[in-house]
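Below is one structure, written out as structure tokens; the observations come after it.
Read from first to last, the chains carry the letters A, B and C; within each, the first residue is number 1.
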Amino acid sequence: MRGLRVRAAFMLLVAAVLAVTIAACGGGDDTTTDTSASGDTDTSDNLIASNSDNAKTTITVGSKNFTEEYILGEIYAQGLEAAGYKVDTKLNLGSETIAKKAIEDGQISGYPEYTSTALGSFFTVPADQIPANAEEAYSQAKSKLAGEGLVAYPPTPFADSNAVGTLTSTADELGLTDISDLEGQSEDLVLAGSPECRERIDCLVGLEKNYGLQFKKFTPVDIGLRYTVLDKGDADLSIVFTSDAQLANSDKYTILTDDKELIPSGNVIFIASKKVADEAGPDFGDTIEKVQGNLTLPVIQELNARVDIDKEKPADVAQQYLQESGYIK
Amino acid sequence: MIAPVANGVLATDAANRCAPGLPESFCHQHEVTGCVGGNGLFCFDWAADNFDRYVGPFFRHLEIVAISVVAGFAIALALAVLSHRHRALVPPVLGATGVLYTIPSVAFFFLLLPITGFGLATAVIPLSAYTLQIIYRNTLVGLANVPPDAKDAGLGMGMSENQLMWRVELPLAAPEVIAGLRIATVSTVAIATLAFLAGAGGLGQPLYEQLGFKTNIIIVGVLTIAMALFLDLIVVLAQRFITPWRRARPG
Amino acid sequence: MILLANVFDSFVGAFDFILHSREAVTGGAQVGGPAYIWPFARTQLEVSAVALGGALAVALPIGLVLGHLGKGEYFAVGFGNAGRAVPEIAVVFLFAALAGIGLVNVAIALGILGLPPILTNTFVAMRQVDRTAVDAAEGVGMRPWEVILRVELPLAAPTIMAGIRTAAINIFATATIASFVGLSTLGDLITGRNVYGDDGVVAGAIVIALLAAAIEVALAGVQWLVTPRGVKLQRATRSA
């Protein structure tokens, strides 16, 4: 009996706490931000026009499981919605192989992928043979994907790639500017990266083979912790991404230059099933190309910052981007 | 000159600084030293503003647990009733449910992946399988503890074997059965936080999406434990409803 | 039929991954094979052992003392119940967020998960020891710690071992996700679909399941060994 009463009392307490928090959060959903008077001209031109013909098509936008992908997925999804499509999202596909299979199985219509990843993972193009030029990489990816019934839209302005990151204080202390500067020092340093980094040529394997570096230890961590391990001193070096917010916002972190050009960078291309793309009509591709038009490196870093540092919702951030770019109201 | 502030954070880190080359219209404030930016232990404001992020996963989690427990309960109960009559079934069923229980949930999800793909089924099947052993064992014990007098009385009244089971034996076995059901339910709520690995969603999804953010971890933890306690309470209340002649026994 | 064939294929591929080395899906590295998989398994076993040891060191004495004294039933049993409700990955992630990554921190987080079953089972086992045996021991003048160690513990051992088994399996299972927080466990294989392929993922799952079964069997054997002969006879003569 006593156990029951205590349990019930606790439940009431929890319910009360939940009720208070839900009440407190009422009205807090202000997604538009107070930006300075926009200097961009002709934003009204950029508005996506809603086409009622598109309402008969349902598009499911997927994305992989990290911040940048969530934001991109939401940008495309909300853009397509503004164009009049019925849009669903499935923003939890663990890896590119799962995502590609999801397109093939019809679970999603398409998702944003990186040209380097598409070429490297889907078509096992060795890292050193992936074109550094964005257009070349795109056309290679596009033609290979076309062979699998997938259509790839033109690339975003920004490119993202792995990078060897470290605290600026560490870089200064050890005199590190390029990755090659790690020679002779890396044996004392701990490198952190995602578990799969261990076996990737554009990651640890390449660092060991192409740069001839041996590290004291490789520590696998989820990519969400890539800066935390540097902050806490659990690792001296960490595999980060060139489009990370943390690199733009402060001088705390530095990335080492890839002087041997080992690591391919990839612009984002939206990959979709050709069947869905055809059914969806011309607005599909037009909208996709339109909404990504403003995604330069500083802009995507800013959007990443809003999610990673300010912990805003990717959906909100995507909406802000579309509004601030003048694509939606 | 940039003046350093506490714990090595540069003064410019705290102030608004946007990437070089960013158009003015895009530049927002980013507080890297606030509760949220600095990953404080629990950021109440953020929790209040973002609570709706957890609503969908919460109900999804509830859905996963409900389906798993109901399915597991039905199967285990049926097996126990059968085994009670045909004792030869006990060792193999106990063995099978035991084996299923030993397979770690993460492994089980990924073993099913080639068969059922990503989604609800891949999560529900292992979660149901985990409930089988405890419910089966407890039901058997409960049925074994039914006083022979009660059965004799029932038979004396002319009940058939089935009627005996459903009207006499099971109700009398209810305390043990429900005890097993409670354990199964609470365990399932906790394990279901891993269901996101199978692509089924649940509270594990928001947890994984920001796995370093302390406020997020705490919210998911509290919600999971609250759900477990809540469902446990429901089962206890159900027991008092079903067996009003008995007092609820402590865990 | 096609589904069955696909499934069969996947498992054949997985076993091939376990037995033979092959090139990673993304090229440039060799993966697979027993020598490759073993370090992951070893790390997972190591951190599980450390965690279990820690949990035993803390929970066993408390359970023994409380059980001997007959005090704190609400706490001991309630702790076990409450422990079941705690979501394991949240504990591991919270520890990592608070204290950083690495073997010690993960082991502590996992050890916490092992406390409830060991504490509860130890307490309950001690309470269930035949009072006449305890009375007899006290009657011949044994001091409390002697009673605990020489009379109660052997009689309670089987049930305590059952709790240790539960704790061990829970810990080992949760240690899989230590890959997210700095330890190279079999979770690396499971989350590394990009480099290991579907074969590698299923292979990881198979190895985890087999090791868990091995631990269960091994500890069941220990449980059998610590069951006093008298208790075994007693059990055998009771009806099933």
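Miscellaneous remarks
In the analysis below, a contact is a pair of C-beta atoms (placed from the backbone, for glycine too) under 8 Å apart; a residue touches a chain by one contact, two chains touch by 3 or more.
Because the structure is a prediction, the values reported are computed rather than measured.
Comparing per-chain C-alpha centres with the mean over every protein C-alpha atom, the closest match is chain B.
Put simply, the chain farthest from chain B by mean CA position is A. If you average the Cα atoms of chain A and of chain C, the two centres end up 37 Å apart. Rounded to whole angstrom, the centroid-to-centroid distance between chain A and chain B, based on C-alpha atoms, equals 31 Å. With centres taken as mean Cα positions, chain C sits 19 Å from chain B. Looking at chain A, one finds that residues 2-3, 94, 98, 222, 225, 228 touch two or more other chains. In chain C, the positions touching at least two other chains are 74, 78, 96-97, 180, 187, 198.
Along chain B, residues 39, 211-213, 229, 232, 250-251 each make contact with two or more other chains.
The residues of chain C lying in touch with chain A in their complex are 24-29, 31, 74, 78, 96-97, 100-102, 179-184, 187-188, 191-198.
Residues of chain A touching chain B in their complex: 1-4, 7-8, 10-11, 14, 18, 21-22, 24-25, 28-29, 33, 35-36, 38-40, 65, 70, 92, 94, 98, 102, 105, 169, 222, 224-225, 228, 245, 248-252, 296-299, 301-302, 305-306, 309-311, 313, 321, 324.
On the chain B side of its complex with chain C, the touching residues are 39, 87, 90, 99, 102-111, 113-115, 183, 186-187, 189-190, 193-194, 197, 203-204, 207, 211-214, 217-218, 220-221, 224-225, 228-229, 232, 250-251. Listed in rising order, the residues of chain B touching chain A in the complex are 8-10, 12-13, 17-28, 30-32, 36-37, 39, 46-53, 117-118, 196, 199, 201, 205, 208-213, 216, 222, 226, 229-230, 232-233, 236, 247-248, 250-251. Only residues 3, 6-7, 9-11, 74, 77-78, 80-81, 84-91, 93-94, 96-98, 169, 172-173, 176-177, 180, 187, 190, 198, 201-202, 204-206, 208-209, 212-213, 216, 240 of chain C touch chain B when the two sit together in their complex.
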